[in-house]
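In the two complexes that follow, chain A is the common piece, with chain B as its partner first and chain C second.
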Partner chain A sequence: MYDMKALYEANSVRHACELLLAHPGAKVIAGGSDVLVQMREGRLAGCELVSIYGLDELRGISLDEDDTLRILPLTSFSHITKHPLINEIIPVLGEAVDMVGGPQVRNIGTIGGNTCNGVTSADSASTLHAWNAVMEITGIGGTRQLSIKEFYVSAGKVALLPGEILTAILIRNADYEGYKGHYIKYAMRNAMDIATTGCSVNVKLTADKKTIEDARIAYGVAGPVPMRAPSAEAAVRGLPANAETAELFGKTALQDVNPRTSWRANREFRLHLCETLAKRALLKAIELSGGEI
Partner chain B sequence: MYVGKSVKRVDAYDKVTGRAMYTDDLADRKALVAKVVHSTVAHGIVKHVDTAEALTVPGVVKIFTCFDVPEQRFPTAGHPWSTDPHHQDVSDRNLLARHVRFYGDDVAAVVAENEVAAAQAARLVKVEYEKLPFVTDVQEAMADSAPLLHEEFPNNILAHTTMGYGDFDEAIREPGLLKFEGWYDTPIVQHCHIENHVCYAYKENGKIVVVSSTQIPHIVRRVVGQALGIPWGRVRVIKPYIGGGFGNKQDTLYEPLCAFLSQELGGRMVKLDVSREETFVSNRVRHAVRSHITSYVRPDGTFVARKLEAFSNQGAYASHGHGICAKGMSAFTQLYPCKACRGDAYTVFTNLPVAGAMRGYGIPQAMFAGESHVEDIARALGMDSLELRRKNMMPVGFLNAFDHNENYYDSFNQCLAVGMKEIDYEKKLKAYQNQTGDIRRGIGHSIFWYNTAVWPISLESTSCRMVLNQDGSLQVQLGETEIGQGADTAFAQMAADTVGVRLEDVHIISSQDTDITPFGLGSFASRQTYVGGFAIKQTGLLFRERILTYARELTRMPVFNLDIIDGNIIRTTDGRVLLPLSDLATEAIYSLNHSAHITAESTYQVKSNAYSFGCCFAEVEVDIPLCKVKLLKIVNVHDCGTLVNPQLAEAQVHGGMSMAIGYGLSEQLLFDPKTGKTLNDNLLDYKLSTTMDHPDLVARFVENAEPTSAFGTKSLGEPPACPGAPAIRNAVLQATGVAVNRVPLNPHVLFERFKEEGLL
Partner chain C sequence: MQTKLIKCTINGKERELMIDVRASLTDALRNDFRLTSVKKGCEVGECGACNVLIDGECFNSCIYLAVWADGKDIRTLESLLGEGGELSDIQQAFVDEAAIQCGFCTPGVIMTAVEILDTKRLYTRDELRKLLSGHLCRCTGYENIINAVEKVMKKRLGLP
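Let's look at the complex of A and B:
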């Protein structure tokens, strides 16, 4: 039995926006794997909910005319992992969301919910950051786009205005063509856990596979929101794809991250992980791109 | 014969189809719902409880505070009662506490018409405390300046006992001895059974009826009577199927409070369903034990004198108390007998959640300390640790004077041989010497022994009833409880063999009802098959005798020439089937000449105990930069006597190994040093290990029939949880050269240790 004040079911995106404007305190519920947990433990007790879970127009993955990958927000983690477009274009995203919780959560949980929660540990978030994802937001007045960096405002807060919902996550052709990536979820268990630190790295190698043309890295739990490590990216651009470069990558990343000490892990250990994971993920991304270490 | 065969669990179909009924399934949907308001300070005096706002929540029936309950202290431990006041458990609980002693203590109880109203109101109850200083460290709690939890226990010492043998001071004077010393810490962990504790209570015919998810219905009946100050016969406790207990439910938990609430509300049914968060904080946990071991050893590895000082963190109330630490001390002194041995054990109150019984009852703690220490000695001496163990471990023929336990066989060597072969010990030990690089492998092992049941420390008594049906089948009832471990199946196998009927004709009654079920103590101390076996055998023979006596009337054959085999009355002289038992049963009930309802019931008091032995081998891969241990293989070998049901025994070992893996690598409750609050009271932040963290679990057995036992069995329930953690720790030591003297060996701990040792 949940302490729920009211549940409004949206029958269209526009209806969802109207319901949210009509009930300013209401929370959006999709799969419910976060909202219901928080309701049970009292944080959202007595809350009004607007459910968008029935909106099938927000489910699925497709390619736009300009080859932009379009991931609709209600797509479940397990559908993302199994989708042919994901496996062709950005398999690392499928692998990352396959590390969320356990099978039941991956069947009910959605990528939209994962990002709109605004938490730094979300398994999809660091990979979406590392691939320059663009968030498409819809309100009564129409649709707007934001980079994922702008979308994450602060811990637990994203840039949705009242009456707005996330309607797509886009990855542009230029951001994926020629890139291969690897995500490492570092957690205390191999399942049913949240990341102590997550690290997603992708690279584009030169045609001879010997030099890094571009490298991108994003972390979860290295700060209050998922974050890129621009210094590390700049440091290795144009360098040979080798172990030495990976060392430099890991060390330089420490200039960008700012993890905190909490009872879940202390700062020093998280910094050690940031360095080690960056190094390992880069080496793996190079290997996936056909480079030889 | 069914004993020794892997027959299907008698409850398998009901459990896998969801037909089996558990406490919450049985409660009336109209039951009132109780919710406990817990203390938000670690130590303090409740000055005032403001319920005004909470009472305005629609659906709230009544709120009881610590000022509304009688000053009637009671003990909670699931121990047999002792009529000797000196051996009784400490009575230190009230239904609700005015003097709160840990963050999560019980201050008030809201009763409402539904759980949402109860939860809303519980959040609105305002409690005003006079805060007192608190202490969480076991040794700091013993200081004169430490805050005192219970006035009757100076320096917070619940108990301090010593044991041992030989002249220690004389023994260590031997010239040439090497001295080894180490400190070892084990964490506070929780049982994490699937079904949280739940109970409901109502009044019927002037009695209070409590239906509870408990391991110990007959003991709970006594404690509810003590807590409410009513005659024990006015309490009726019913135990349906339960979703695990592992010792947490070998304690009286919220049954007395629930009974009190119902009593105060005119006997209306009140249900108290404990959340997972409350299970972590406000039920029971495993004692954290800090151990200090000193060993005096000859250069050839012979142990001459050994000493254990153990400090057991009791938390806020006595519960099972000193029994845990004392049991660990006893295991330590007997595992490697030497010239002189000393144990010195303290159990100390602190402002933390209450420690009680948990699978292994002090032995996982003692084995982590003891078997880590032995490994360290072997390394220092440059000896193979397996040889060092073999040189010193309990020899064949060893007899313990106190409980008359005897090591009848060469069980340790037999178990070690099986384990070594299974894991390819010699080869791997050699292959993993002197590695370098980021990723290294290692192999480790440990041995242990465990008692069976609680004699002679406490009473061991059990009763059984058998009732013949018209079709020749029978009901079997025992006070010993099925808690998921498969006891009912083992009991049914033993009953079928003793009486001489087919297994499908034995109807074991799973539920205990203290008004109906014969007296028994319940499920604990790995005693079920051993202790239950005596009552089943004795009652079964009596029952058989009565059947055969009746058969004499029908067959005119003497009883001494009759037998019951596969549900038929047999003439033993020629093997002829004289009549089916079903015919006899029908005739016995409906006979116009001599109608008899054939039943038997008897009590057996067990006055023996038995050593159960075993070992564990673990193989690990350590990723040093990631500070992670991957368990590659783990093998447990047990000599628990004759296996009643090999498949169930294997499953039981798997469960215990899983617990040991969590104990060794990931599980621990964490507390905020500033407030004493439990930080990780949920299954996300409490790192219970998952199947994805386990390799295949390998369970092997050496079957040496226990001579004192009715069916050759001895303990297996708890032993599998005992040896895993030190075996894993010793494997990490071989892989990395780093000795970690505390569990769990999680990445946080390994990061610090690897830095200290220069690996990072």
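Let's look at the complex of A and C:
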């Protein structure tokens, strides 16, 4: 038995918003692989829960009319990895979420829960940052959109107001067309582990595949929230797609990151990871884009 | 006590039950349905001892609310039992390959093996390792578990 004060099951998005407004102390539970564990630990003991797990309308992946990729928040990690649209448009997201926990966790864990709990180590979050994801949020009054950068407020806190839930994660055509990406998760184990630091890079090369037209990079666990490294991105734009540029990319990224020492790893090691992973992920992204190193 | 009536299929039979909303699916399967192959291990979704199939996919039932089982098709290790009480091929392979020692992790591992085998695909040993990585076994060292799953996978696909 879970130490739960009450469970309210939402039967629609609107109902979920109403339940959250009616029970201000309640936590949203999607797949529960964080919420239920925290309830066991005691951190959320005695809490009221609003379950949105039953809302099938929040599952699935589709393309909007303007070719925006629409990922609904209750889509499980394993369904993201298997989905044809993900494999076609942004395979790196499928690869990144395939590194979360283990198979059973990937069947219950949702991309919405992974982002809404606001943790920096979330395997989906760095890739979503690196692809300029837009978060669609719904409340009683309607729907609003926020960039994923604005969505993350501080460690464990996202920009959801009382009575609001995340209803879609969008990636616009201009942000994915022509880009190829790679994610590296550095952790002590290959399964059932949390990233010591994770790094997601994507690039768009010029038509001759020799020059970087655009590069984007985001980290998990390089600061209190997932973050981009804008200096590194600016430094390599227009440079040749080669090993020297990758070297510069890794070094410049250090100007943007601010990792801390935790029991998993110290700051110095994480800084080393930030530099090395940026370099390796960029080289791999160039290779995936058809460039030659 | 807050309760909810749920209707679901468990091991092929339609069941209906009034359950406590605070129950995990492990609680419900063990206490209400006496399906004690579903083990209580870590109870935080890390060890895989409580793993069951829900609509054909593996879930750690310890971090799955029992109320969510409403309308679902659930399978536990008990569903593998033959009419005369005989073992299924995958269970027999675990015996033959010495993939069991204390047996606590075994029902969970076998249900993941069922999900793997049901895909009717041929996986490499590395792929099997990844697919089985949601289970902790402190006895076998995993090699024999992988041997057992690999053996049945190949046999069912008609490969040597």
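For the reader, a short list of remarks on this structure follows.
Here, the second predicted complex is superposed on the first by the 293 of 293 C-alpha atoms of A that agree within 3 Å, B and C clash if a C-alpha of one lies under 4 Å from a C-alpha of the other, contacts with A are read in each partner's own complex, and residues count from 1 in each chain.
Rule of thumb we're sticking to: contacts are C-beta pairs under 8 Å (C-beta built on N, C-alpha and C of every residue); 3 or more make two chains touch, one makes a residue touch a chain.
Note that the structure is a prediction, hence the values are computed from the model and not measured.
Touch criterion met: A:194 reaches chain B, while chain C stays clear of it.
Shared-chain residue A:42: touches chain B; no touch with chain C. Once the two complexes are overlaid on the shared chain, A:105 sits against chain C while remaining clear of chain B.
Once the two complexes are laid over each other on the shared chain, residue contacts for A:265 go to chain B alone; chain C is not touched. Shared-chain residue A:1: touches chain B and chain C both.
Of the two partner chains placed by superposition, only chain C is touched by A:33; chain B is not. By the document's definition of touching, neither partner reaches A:207: not chain B, not chain C. Residues 1-3, 41, 190-192 of chain A lie in contact with chain B in one complex and with chain C in the other. For chain A in complex with chain C, the touching residues are 1-4, 6-7, 9, 29, 32-33, 36-37, 40-41, 51, 53-54, 78, 101-105, 107-108, 190-192. Chain B makes touch with chain A in their complex at residues 114-116, 119-120, 123, 277, 625-627, 666, 670, 672, 679-680, 683-685, 687, 689-693, 746-748, 751, 760. The residues of chain A lying in touch with chain B in their complex are 1-3, 41-42, 45-46, 186, 188-194, 196, 263-266, 269, 272-273, 276. By the touch rule above, chain C contacts chain A in their complex via residues 2, 4, 20-24, 27, 43-46, 48, 51, 57-60, 63-65, 67-68, 70, 112, 130-135.
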